[in-house]
Amino acid sequence: MSAILLIAVPLLAAFISILVKKVSPYLLLLVSLFALVYPFFMDMSDVIIGGFDSPIGINLVVNKFALTSLIAVNGLFFLVVAVNIAQYKKLSSILLVALAGLNGLLLTGDLFNLFVFIEISGIAAYLITTTNKKPLQTFNYLVAGTVGSSLYLLGLIILYNMSGTLNMADMATFVEGNGMYTLFPFLLMFIGLGVEAKLLPFNSWVKGILGHSNNLSGAMIASVYATAIALVFGKLLAGVFQIEGTLALIIALVLGITILAGEAMAYASTKAREILLYSSIAQAGIVILLFTVGLGAWATFFAIANGVSKFILFGVVNRLTEEVGSDEMDQLKGSFVNNKLIGVSFTVAALSILGLPLFFGFVVKMNSLIGFFEPDFVSNLPGGNFIFPIIILVASVIEGVYFVKLLTKLWYKDSDVKVNFTPLFKYVVVVLAVALIVFGLFQGEVEELVASLINPGGVFIWN
Amino acid sequence: MLQFAAIILLMLGLYGLLTQRNVIKIIISLNILEIGLNLFIISVGYFEGGLAPIFTSETPANPNFVDPLPQALVLTAIVIGVGTTALGLALARKIYQKYGTLNLDEMGEN
Amino acid sequence: MKNFLALLAALGLGVLIILSLQNNTLFNEYGEDVTGRDSEEYGDREYGEENPASGPANIVTSIVADFRSFDTLGEITVLFVSSLGVALLLGGTKQKRLDLGFHPNFMLRIGSKALFGIILMTGVYVTIHGHLTPGGGFPGGAMIASSMLLLYLADDTFRAKIKGFKILESVAGSLYVLIGIAGLFFADYFLENFLNNGVVGDLLSAGIIPLIYVLIGLKVGSEISGVIDNFLTEEVV
Amino acid sequence: MIEILMNIGFGLGVATFGFVLQTAMGGINRKIAARLQKRRGPKWYQEFIDIFKLLSKRATSHGWIFDFGVIMALGGIIGTAMFMPITSSIVAFEGYDNFFIFVYLIAVGMLGMAMSASGSGNPLASIGVMRALTTMLAYEVPFMVVVMTIIKLTGTSSLTGIAVAQQTGDFNWFMIALPLGFIVAVMSLMGMLGKKPFETYIAPAEIASGPMVEYGGKQLGMLFIMHEITIFIEVSLFVHLFLGGAETIIMFLIKYFIVYAVLNLVSNVLGRFKIDQVVTFFFKWPLFFAVVQAMIAIHLGWVI
């Protein structure tokens, strides 16, 4: 079956849904379930649109990487929607468009088409964040996002002027032969995507958005969107711009600073949501760092593990905040004593991000670290590779400190905080936590999955 | 020369975005940036003596059309710009309802 | 100080762009033609030719609505979602016209009604001839919406039937996707041009392209009209 | 399946060995310290007696987090010890003696401890936990830098791999090869072991025994066991990383004893830092030396 339906069906449903408002939430649920199941039945071949071969027409690239990303992102999307839709029925059409946009991001094989999908998913994201009831912060997000995508487009057009193509595969060939000249346009595109991916110093919007997020917007932006954008970054870094040498080193250093700064801010914060949002900035940095260095296969799963954990963390904290009325840690003190199941799941998610054994996060984090020292690992960076494992390890230590701080506060014994979670939310959160543990226990199987993303040459594949 | 005009507009837009504190002015700066970008895209496809890429009864046998692709791209970019501008203005109205001002400095946040 | 830094940033961007373009044809000399670019193959037909690969006389249209029709689908989605967003942000259940603070006189009201029809017809013409002449669904749609804007501005009590716009918008969008899916099932590919291409330059040519452009025109027109309505109304307190 | 069970059994054996070894070493070193201070000191097996006595007692509970945390701490640390190689050939799970595994696994024990302590609801315990975490943040960073230098030089992150690299003569013992790094590692090790001057988080005189303030009976006994095994892991790590590991068990015991005894003696003549002093101290000289050492070793290639 053609991968195009993953984009066409949500769009069709979105167009129809504005006429049948009553049914639209169910339509949304149905379509997002379809989008979750469909990738399992997809053929692994490129899809041509309109009957014109690339590069004349637009093509969709369906490979292992795209399939993995689709399953992860659509799965998270479905869960976020299923848990929250009852509260945000008005957003059904917008969420349908967001689903189409995210699938398009992960599938498209054309750089301009990618820009279109960035805008679609971006505008949907601005609208999702309007539910925070903070128009000023949403406005800042909109301006940052629009400037980002404009820079991306500027870089793309300069590249088009040089190469005469918009197709990713052709562009990759061109970039390979003309490394020096493509530097500036690449940086523009990197910055443009960096805004959405929360990289320093283009992440000033994050605090306004995630610091005031609600059940829907928090999980959507921090979990679904973050995973998708990180994977798109991976697609570009692995498939189009295989940067190496000094440029890669500079970018990696910027990412390293992003990671450390994010962790330090999280450490210094006393608000639960701020801790999580700064932590997700750092996590985004780690994922893109791994892609930059050349550990793409593990980075993919790193992004996925992070997305799953962030779903639980933001979901729980936002619900607590909604009920308690503040996200100061001292106010939330002891919230888990009366919600042990939620508390345990939250703890599992936090520990998985931290990278403790038994959890999914451990498998990816440790293998990424080991990957740096594999004898046959060819790094994109010159020489001093060892500094980045240190950064990741130090980041983990800082994470350890603030997550333990957060957990001990939330588990504090004497408490009269009483928060009710819906049974569905409990169920989803527990299932995800169990999934984190299962993936953590069956390390061998995960390693096989990851190995399938690597071709015999030992290089992470995109094509 | 068109490129220079486009780049100057881009610079003006960026400068406006970084210095202006009024919501409407920020949106205008964003639009200037986008217009500069659109001009730039068009300029990429142009070359001297190129014809408009439309077949008519007067088109010569081997027509030397300008590159039509940037023109198609710019159409998309313009429409996307319209979409974001509309959304930005709607947000500006919301902001005004909430704070009673459009000046970022007077809102007591940030 | 802040302004100075901003100036530096802006100048830096400009200088970098110019520097990065020094090494290619853009600044040194204009290229001769499109040779070497992918767009070489877009204009591969002649006026009066029958049943070419892609039908429209306007090459830009053939890119927008045929070669890269998928981009265009995305583009109308952007417009769709932002008009939805404007409605979400500004719309309420009960609405009345925003008080603009002036009352148009008799001449303005009547004159605008007369002009309305002309602008509307021009919009429709531009939309229908999108595959032959400059213009097409987007400019045409915008013209249709501008005729609505004229009505709104010239009459402070006027309100269009928003419900109608919604239906038009939804049906046009759905039909676009359905035509695409029909291509997938009747021919081989999504959005494939499965109708006869006709003769380049004829009004009834280019297969599904005029059809798609009309749909786009309707959709853009109704969406922008909806946005205009949302901006010029407010909730009844 | 059988093989895995065998491995697990083997691993448990390693953990038990570690416990017995460290508890005995602890007793011996108490004796040594006492003799230096002209006291007679307790018997060398006094710590065994204390622990078994505590285990036999009933204890009050402060809620299930409190109990669960203790079990998690002990389980986590036993799990870590199972992976620890004793000599280059005695390893329970071959191929899994990776340095990163220890970094993360050891945190499980710490975390259980922290959860349990703050679950007790005693404010002094919370202060202790926070201080312990802050100390950890301080000493881990320079230590990581040094260990990464070693991993970069040897090209493997496996402990036995690193030890073998030192034994076969590819490198000198890293205490000689990387002298600055070795000094840093010693300081970090003292922080890890909670020895003076970095014992701020226990600080008996100030905050009534830190994290452990609410414990008694069984729980305290389990925490003691956990504490001993933690020390075993940390000292063994040090032996493998810097002292060339060990070919035979005897060599291991000797090296282990020397490291532990020297640290103990040093710590006995020092006073205690305040918590902010600990952090500034570690981020000043040790981190500086560690980075300098990394630069020298990797960029200049000067390895003795």
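Order of writing sets the chain letters: A, B, C and D. Residues in each chain are counted from 1.
As a convention for this text, a contact is a pair of C-beta atoms (placed from the backbone, for glycine too) under 8 Å apart; a residue touches a chain by one contact, two chains touch by 3 or more.
All values reported here derive from a predicted model rather than from experimental measurement.
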Seminar exercise, completed: Chain centres computed over CA atoms; the one at greatest distance from chain B is chain D
Exercise. So which has more C-beta pairs touching, A-B or A-C?
Worked result: A-C
Exercise. When the C-alpha atoms of chain A and chain C are each averaged to a single point, how far apart are the two points in Å?
Worked result: 32
Seminar exercise, completed: Here the gap between chain A and chain B, centre to centre from mean Cα coordinates and rounded to Å, is 29
Problem set entry | Whole-Å gap between the CA centroids of chain B and chain C | 15
Exercise. Could you state the distance in Å from the CA-based centre of chain A to that of chain D?
Worked result: 37
For this session: Would you give the residues of chain C that are in contact with at least 2 other chains, written as numbers and ranges?
Result: 17, 21, 26, 34, 37-39, 42, 68, 71, 74-75, 78, 81-82, 85, 89
For this session: For chain A, write out the residues touching at least two other chains, lowest number first.
Result: 112, 116, 119, 123, 126-127, 130, 135, 154, 161, 166
Problem set entry | Shared-contact residues (touching 2 or more other chains) in chain B | 10, 14, 44, 69, 73, 76, 80, 83-84, 87, 91, 94
For this session: Using the contact definition from the top, classify how the chains connect: line, ring, star, complete or other.
Result: other
Seminar exercise, completed: In contact, pair by pair, are chains A-B, A-C, A-D, B-C
Problem set entry | Residue ranges of chain C touching chain B (in the complex, touch as defined) | 2-3, 5-7, 9-11, 13-14, 17-18, 21, 26-27, 30-34, 37-39, 42-43, 45-48, 57-60, 63-64, 68, 71-72, 74-76, 78-79, 81-83, 85-86, 89-90, 132-134, 138, 200-201, 220, 224, 227, 230-231
Exercise. If you look only at chain B, which of its residues touch chain A in the complex?
Worked result: 10, 14, 17, 23, 26, 30, 33-34, 37, 40-41, 44, 69-70, 73, 76-77, 80, 83-84, 87-88, 91-92, 94-95, 98-99, 104, 107, 109-110
For this session: Show which residues of chain A lie in contact with chain D when the two form their complex.
Result: 337, 351, 354-358, 362, 365-366, 369-370, 373, 375, 383-387, 389-390, 393-394, 396-398, 400-401, 404-405, 407-409, 411-414
Exercise. Can you list the residues on chain D that touch chain A in the complex?
Worked result: 62-63, 65-66, 79, 98, 100-101, 103-105, 107-108, 110-111, 114-115, 118-121, 126, 129-130, 133-134, 136-137, 140-141, 144-145, 148-149, 151-152, 155-157, 294, 298-299
For this session: Can you check the complex and tell me which residues of chain B touch chain C?
Result: 3, 7-8, 10-12, 14-15, 18-19, 43-48, 50, 52-57, 59, 61, 63-69, 71-73, 75-76, 78-80, 82-84, 86-87, 89-91, 93-94
